[in-house]
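Two complexes come next, and they have one chain in common, subunit A, joined by subunit B in the first and subunit C in the second.
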Partner chain A sequence: MLEAYIQSYNEAVFETDKQAALEVVNKALSEGLTPEDVVFKLVIPAVEAMMARIESDPDSNLAQHFMTAQIAADVTERMLEKFSQPPEVIGRVVIGAAHGDLHSLGKRIVIGCLKSLMVDVIDLGTNVSAIKFVDAAIEEDAQVIAVSAMMVHTATGEHGSMEIRQLLRERGLEDKIKLAVGGAPYRFDPELYAKVGADAWAPDGVTAAKVIVQLIREVKKHDAA
Partner chain B sequence: MTPLEILAAATNGTPAPRIPIFCNLLDQGPGELGMHAKDFFSQGEHVAEAQLRLLKRYGYDNVWSLHYVGKDAELLGCKDILFADDGAPNVADFVIKSLDDIAKLEIPTDITQHPAWQPVADCLAILRAEVGATHPICAYLTASTTLPAMLMGMEKWMELFLQGPFDVRDELLRKCSDFFQQQIAALRAAGANVLVYSSPFGSPYFVGKNQIQKTVLPWMQRDLQPGGVDGVVYYCGMAPFNDVIDLVFDELKITTHYISPLADLAEAKRLINTRGLTCGVIDDIKMIHWSEEQTRAEVKRIIDIGKPGGHFLFGTGVMPLALPEANIRAMLAAAFEYGRLP
Partner chain C sequence: MADSDTLLQQPADSPVTITVRSDDQVLRLPLSADTSVRQALDTTELRVRAACGGQGTCGACLIQIVSGNFNPPTLAERQKILPEDLANGMRLSCQLHARSGSELYLQHPAPHSEWKSLDVNQLHKAAGNPAVTEHVYGVAVDLGTTHIRLSFWNRQSGRRIGSRYSVNPQVAHGADILTRLDANRLADSDCRVIGQQARKAIIEGVRDILSRDMGEVSPVLAEIGKVLIVGNTAMLTLICGNSGDSLYQPENWQKPIACLPDDVEAWRGVWRTPHAEIGIAQPLAGFIGSDLLADLVATDVIGQQRPMLLADFGTNTEIALWDGQTLWATSVPGGPAFEGVGMRNGLTAETGAICRVSKDAGCWRLRTIGETPARGYCASGFIDAVALMLDEQLLKPSGRFTQPQTEGRYLLDRDNPHTAIYGIDVDIFQRAKASTAAAMTQLLAFAGLKAGDLQTLWICGSFGQHLDLDSAMRVGLLPAVELGRIKLFANASLAGCEKLLLDPAGEAMLNAILGRAHVVNLGGVTEYEERFIDNLRLQPVPTMECG
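And then the complex of A and B:
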């Protein structure tokens, strides 16, 4: 039965049909799945399935990424209200668009996926200064700073990721806070992330969530050692 | 032959000494005149002067009338553009803040009377007078299915596009298409003859092919129908679109295709063949960090794929300000060298 739900839900997400996805969730709940089951056995596997699908099929499209994130975030938010006890959060991220950048779509996809994967997300908005990213990460005890940049000058500019890296270095935080980047310029030059001082990058918002979760685990492993 | 004649020869498949070589140095304009971006873009004379100076210095084939993409939003009421001295301006004020604003959005009855149009008109008048007889003049046009991203933000537009309410979405698309029809006619009348039709939603990288056929294509047809597709270049904002090349030929009749550096250029050339003009585009974001030798090698690779059989143009992508001048020169020298025709 669960397999059938997963298949129907994934098909709906892949067809960018939010209504159909929500109908699967409602049916699953009415037939006995708990809200916890819906999140952990349906939504999270669906996000992971989309991640796998993107890896094997680079032609998956932006609309699918957007709907994956939006449906996952919506369902997770609704289910969390019904959880018998708050779920364990796996880590915390501060996210925003780079200094000078007002684009927010990529960031929203990443946030949606991260929330469904039980990552606490602090959204700093768009046109965020380097100092604000770093101060917020310290204040919120975040393991990752995630910076979205859709234009070449906001990806490579001196007040973007490069300044964040410099601040992390100056404050001795490079092992405690990792820096992830994403956005169109990085797709055109997959080596660009390293040139701007980031620890990792992702070619799309869904994969970015996976990359960020890996970075959170690295930081936590380092802290535990 | 003049660059205009070379472009015509490549399009028609007639003899020419070389392939056309197009370059878009837009971010470089303010620095060329030693001005801040906001001051630079306040007058069309500045944009035209920078284009003419850069054309003279580098000797490629085209000039641009584009100020910045957000100009369209200004023509529709946007009051705030975030200018940057190291890159392209951003729209900082969305005209549509809630779905209720869509009903209130008014398309000017004549955009050429709008104050934001004047710099574009002034720029085109200068370019036309100075090089219009010899060089292609490029203009940038945002498709009706993409313009809403500048009016309400891509995030909200994607939501409305995919989830509706669809009557509201279609009302916005109709208004944007009405604007487009006016704009393309005005640009043509002012002297632009290479009309880059920017339609990212016409790329399977943005939405599925079914969605393109069902929703995007009819609006693209509506955009282009009144004035036809003469001089129109299909471009998806640097996103790949090989999977819809046949569709674009069959349904839109556009024959010039500006291929993404992320796409398989050889496949695109095979698909287009002699039916139209294939534009092979260099990845000028990677070029920021390439050596001159790497730049030359990539130009050679692109031209080796595209030149056989003719009907080919070499072009650039976004040409960011961070590009070293040595690489711009290396790229163009290689394009002229490898682009020679027997």
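And then the complex of A and C:
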């Protein structure tokens, strides 16, 4: 039974058909699946499957990326309200668009996927200063700062990622808070993330969620050690 | 009913098709009864020689009749053409009107030029202004990212002497200037070059009108009293000699940006127009140019009681909604998709561009501009193709091919690679159409309206010229609106600019628009983002938006 739900849910996500995906979820609930099952057995595996599929599929398009995130976040949000007890989150991220950058759609995909993967996301919005990123990460006890930059000058600007790196270094936080970046300029130049002082980057929003989860695990492993 | 009766019942202005050959090309053109052969050819790249503006006084526009019926020779032709040449079918193309399908041979075309004439039917009709007593000539200019449109006027009499359009030379630098400004890949020196080239192009367009339509250039240039330029904010910034930097400061996105040249005297010197007042119609905001304001002047949207939506498609698609009280204005990245740039088989609406696609008895029918072999798709052809591929289930609403395609593309004409639809181009198009549809429905939501409340949906810009509205709604580019309520207005910006140049009431109208305008930056609106994502699917705009 679960197998059939997984298959039709994955198909709906792949076809960017939000309505069909929600119908699968409703049917599953009405036939006895718990909200927890929907998230952990349906949504999370589907997001992970889409990550793998998008990585290996050169034809995947942006509509699919957006819909993967949109549907996952939407369903997760609906289910969380129905959870019998609050879920265990795997970590926390502060995310925002770089200083001078007003593009918010890219990070939206990342946020959607992260939420469905049980990562707490603090969205700082657009045009966020370096100091605000770092202060928020400390205050919220986040493991990762994620910076979206859609323009070359906001990716490489002195008040963007480079200043965040400098602040983390000055405050001795480099092991406790990791820096991830994403956005069009990083696709033009795959080495750019290192030049701006980031620990990791991703070519698209869905993969970015995966990269961020890895960074969270690294920090937690380091903390535990 | 006999065929001859059917013919007799055709309206007098029903167009016939003429074929014009030169030594290196063949064109087929529809020609209505009130259009001369010269007027028709002036809209193409195969132009006749000319120096008198179609009065029949220069005798330069000779053309040879090969077959077909025409009006009898006029007095001007009998005066300018040798009797034996006239007897052999030599005519003046400015005097020549076709009465049947026919063929002509043009032995000596004008030297190649990028400038073509505009269809003036939709342009401004001026009353003339007796108060203008000196330096009576005026120029209206719509400076777009990919095209420049302009017209030359006697401001006193209100007569349009000529109109032209051409490709903006900045296209040669890499077409998507906004992307390049965006990526900070334009040095200050590049900005200056692009600005100077735009100035040069405008005066070349003016000189083309003067040499062909008036027969003299320098003395007329000296009598130009006013030039008015409308355009998008980026191009206006560059033509004023400023760099594009200020455009990308977030604080400038929603507020007016002053586009003022600091070298007007030198500018006039280069143009040899010592008496010309060079005016730049100021943009509304960082990403809403005065081209949108000119559209609003031309359509008199805010003079209406009932709601109207106006969209000017281009590199940036600018959208305004009038709800009877407030003019909501915004701009979204229509992106290169609508101008054919950045897509593998994308073209602007030019000769050889597939502008309409249909399916007939199982076969794809591709119509190209100028009926020449297909070189790629302009937006209208691409939209038709996507709509039909959805109907044929070759393409899924997700934007992916139903079956995997070799090289990621589907060929509508197996033998012509320029007819290929690439998955990646569909993806780009989905983003462009989603941002447009989402912006339209978002403005409607802000105003508490639905698409069904609109009295008129104006589609401005050359984008609309060939657009099939059913296809546009099928793929979800436009919300569902009764076809009778949609109006296409290709040269609206130029028409509005003309009104501002010539009509003393124009400025008051512009001020009224500015007074009612409320600029919206959709970048920060979560609800808009949700609409954008929901509109990525290739399907009609969700009906709850259209009700």
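Things worth noting here:
Note that the second predicted complex is superposed on the first by the 225 of 225 C-alpha atoms of A that agree within 3 Å, B and C clash if a C-alpha of one lies under 4 Å from a C-alpha of the other, contacts with A are read in each partner's own complex, and residues count from 1 in each chain.
Here is the rule we go by: a contact is a pair of C-beta atoms (placed from the backbone, for glycine too) under 8 Å apart; a residue touches a chain by one contact, two chains touch by 3 or more.
Computed from a predicted structure; not experimentally measured.
The superposed arrangement places subunit B and subunit C in clashing positions on subunit A. Within the superposed three-chain model, A:I44 lies out of touch with both subunit B and subunit C [touch as defined at top]. Of the two partner chains placed around the shared chain by superposition, neither subunit B nor subunit C is touched by A:M118.
Contacts of A:H153 after superposition on the shared chain: both subunit B and subunit C are touched.
When the two complexes are overlaid on their common chain A, residue A:L173 makes contact with neither subunit B nor subunit C.
By the document's definition of touching, of the two partners only subunit B reaches A:D189; subunit C does not.
Put simply, subunit A uses residues 16, 18, 59, 61-64, 66-67, 70, 100-105, 108, 127, 151-153, 185 to touch subunit B in one complex and subunit C in the other. Partner subunit B is touched in their complex by these residues of subunit A: 16, 18, 59, 61-64, 66-67, 70, 100-105, 108, 127, 151-154, 156-157, 184-185, 187-189, 191-192, 195.
Contact residues on subunit A toward subunit C in their complex (touch as defined above): 14-18, 58-59, 61-64, 66-67, 70, 100-105, 108, 125-127, 151-153, 185. Across the complex, subunit C meets subunit A through its residues 182-185, 248-250, 253, 396-401, 404, 408, 423-424, 426-427, 430-431, 434, 521, 523-524, 529-530, 532-534, 536-537. Interface residues of subunit B facing subunit A in the complex, by the touch rule stated above, are 27, 82, 84, 86-88, 90-92, 153-155, 158-159, 161-163, 204-208, 211, 238, 243, 261-262, 283, 285-286, 288-289, 317-318, 320-322.
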